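A short worksheet on the structure shown next.
Going in written order, the chains are labelled A, B, C, D, E and F, and every chain counts its residues from 1.
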Amino acid sequence: MRAAAIGRGMIEYADASPEVRAVFDDIKATRGVPDVNNFWKALAVHPPTLARTWESLKQVMAPGALDPMTKEMLYLAVSAAAGCQYCVASHTAAARAKGMTDAMHGELLAVIAMAAETNRLAEALRVPVDPQFQ
Amino acid sequence: MRAAAIGRGMIEYADASPEVRAVFDDIKATRGVPDVNNFWKALAVHPPTLARTWESLKQVMAPGALDPMTKEMLYLAVSAAAGCQYCVASHTAAARAKGMTDAMHGELLAVIAMAAETNRLAEALRVPVDPQFQ
Amino acid sequence: MRAAAIGRGMIEYADASPEVRAVFDDIKATRGVPDVNNFWKALAVHPPTLARTWESLKQVMAPGALDPMTKEMLYLAVSAAAGCQYCVASHTAAARAKGMTDAMHGELLAVIAMAAETNRLAEALRVPVDPQFQ
Amino acid sequence: MRAAAIGRGMIEYADASPEVRAVFDDIKATRGVPDVNNFWKALAVHPPTLARTWESLKQVMAPGALDPMTKEMLYLAVSAAAGCQYCVASHTAAARAKGMTDAMHGELLAVIAMAAETNRLAEALRVPVDPQFQ
Amino acid sequence: MRAAAIGRGMIEYADASPEVRAVFDDIKATRGVPDVNNFWKALAVHPPTLARTWESLKQVMAPGALDPMTKEMLYLAVSAAAGCQYCVASHTAAARAKGMTDAMHGELLAVIAMAAETNRLAEALRVPVDPQFQ
Amino acid sequence: MRAAAIGRGMIEYADASPEVRAVFDDIKATRGVPDVNNFWKALAVHPPTLARTWESLKQVMAPGALDPMTKEMLYLAVSAAAGCQYCVASHTAAARAKGMTDAMHGELLAVIAMAAETNRLAEALRVPVDPQFQ
């Protein structure tokens, strides 16, 4: 375990252990980027969590029944619902890089906001689930 | 204002005021359904909120830069993140009705879960936003 | 410490220790009710938390610069935002008992929903705080 | 659709389309302020969402069964529960402008905090709803 | 992909594919239980998410620098904060099985509630981080 | 009531009333620190809430069936789940001061993230509680 403090401490590639470098190298190769972003540098303070999180993310975000842009928009919707500023910033950028236009982004924002509104109303009114939705 | 208690009290069409019936009629016509679901019956205890919420929802969920199935999946993602059981049930049904397959649903669940995981990590590590995401 | 399992186990007055009975008696006297509601019976499995929570609640909800009905409506707003079904049910009843009408309840629901909507938009757009609000 | 990036991009009046200016003008006239705050400038990147959100907000926050100050305090309570920093800042200012005193603010904070505490306890204990609250 | 509807549909061992059975077998062997609980049966409708989630959980919850009971209590704290009723129920049982006493549970509840309270106060007051905590 | 604005206004010891100083003195003595942190200075704008919150916190965080480091880790877990940046920063520091190592912190992060992930899955799948967990 490195001496670096966890939390706000970020591990740069030059200072990383071989174990961490291997993950960073895979992120860079998979994404075609020259450096990993801050999230991964921060997570590198706990190498097992870094490795596991990256393996899961790589698998989950790969093209499948849903295309990568749709997956990024879903990721952004959840991040906005959670109020995570870092996540909103990074996944807005990622969704745009995968093709999200201004118009798509605007509609995505409208859906997120509308869902938040009706979520609260349904909770506040304690609406019973309709038989056909069971 | 009707005498019905707000919360758990639901207004059926037969008991509704003309103002509420007009909204119910528009929901049924727009969606091609024989009756509105419980959410609208519960919301009918406050007619101005019923009317405004339906007008907004109708506008937000209409086809646009995003197709209706994608909008429903985004709605479902936010509802699951909020833990709203009624909303999860109704929007899972709506997304399926608009074409979401088992495989798409499975991947949507995986993205929601993965986003929740990295949202927490980014918050717990207080990761600073990268300059390129500003 | 009683043998009762914490969680879903609820302590009735007849089975309560003198320490728990003293709190139950004070709740009943303060509120003028014949029995405490389930929340307190559930909390009674950990007497120090029962006593401390009741003392705090009694102090916070007493009339002050804000009247009791307004305090109950604020309590309900937070509970709906948190999606706590028990809390929504009990504080809706409490707010009504303190004078909240159907019309007030309807407007309260509208404000909760509207706030949830703009909360999400502000987070998703990462709006910087205006200088005049600092 | 303007070229401005959605998210952190804010539209000033001088750069706004006639459609956006009309909304800004209505906000300024309704509130009697010389300029709109950042939330509206950020939302202006998607004009339909800007227009719809403002129309809803104007309707919801108008005087009714609840007075404007109480509505602002409810808005603030939900925003604090959601942890939205922009919303807390702007609605604290708005509530003060409508008459919220230091003493009222202090009691509002106490209710928000107390509600958060008992919300968690009720969830963690999975308290069943009392028959009289159904 | 099985025909079973995702959501409320649960896959029993007798109906499971070899891929799903392999995960169920590993869960049963690792935990020494005769059957998996409902969470895994529900997740089995999307086998890749089932497999990945179990592999991650098994790794994360294994004994390490923190003992299994402490890990379960942390899991329960997060689940209560999220208001997930299924999660609260299952992790309360798991924590008890690993040694959590009534007194420990009571103190855990008190910490969860206290944290929720001060979380809200810090957000509502927008407290700036002290230099020594950066 | 002091004239200081609540929210971002912080009361320093030199400017505090005798009532507030008494609380600050008790915090400093109990914790063996030369000054209170920003949370308490911010809370001091409403003395009754300051006094009540400190009394509760002192009682809840005292050694009991759970040791102080475990309590701080639980506090941190809830704060990260709530996304409260101030709380994450201060309780990370507090947990470290009470003995949390880098390895423990890393595992705590992994449990928080894993719990967030399965919380969402259980909510999104609406998993019914197993009979043995009731």
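Just so it is clear, a contact is a pair of C-beta atoms (placed from the backbone, for glycine too) under 8 Å apart; a residue touches a chain by one contact, two chains touch by 3 or more.
Remember, it's a predicted structure, so these values are computed and weren't measured experimentally.
Annotation: the C-E interface is duplicated by A-D among the options A-C, A-D or B-D, judged by over half of the residue-numbered contact pairs being identical. The chain pair with more C-beta contacts between its two chains, of A-E and B-F, is B-F. Averaged C-alpha coordinates give centres for chain A and chain F that are 27 Å from one another. Note on chain placement: the centre of chain C and the centre of chain D lie 22 Å apart, centres being C-alpha means.
For chain B, residues that reach two or more other chains under the stated contact definition are 6-8, 45, 48-49, 52-53, 56, 60, 78, 81-85, 88-89, 92, 101, 103, 106-107, 109-110, 112-114, 116-121, 123-126, 134. Residues of chain A touching chain F in their complex: 1-7, 45-46, 48-49, 52-53, 78, 82-84. Those residues of chain E lying in contact with chain C across their complex are 83, 88-89, 92, 101-103, 105-107, 109-110, 113. Note for the complex: chain C touches chain F at residues 8, 48, 52, 56, 59-60, 134.
Every residue of chain C that touches chain A in the complex is listed here, in rising order: 76, 80-81, 83, 85, 88-89, 109, 112-114, 116-121, 123-126.
Considering their complex, residues 6-8, 10, 37-39, 42-43, 45, 49, 53, 56-57, 60-61, 64-66, 70-71, 73-75, 77-79, 81-82, 84-87, 89-93, 101, 103-104, 106-108, 110-112, 114-119, 121-130, 132-134 of chain E touch chain F.
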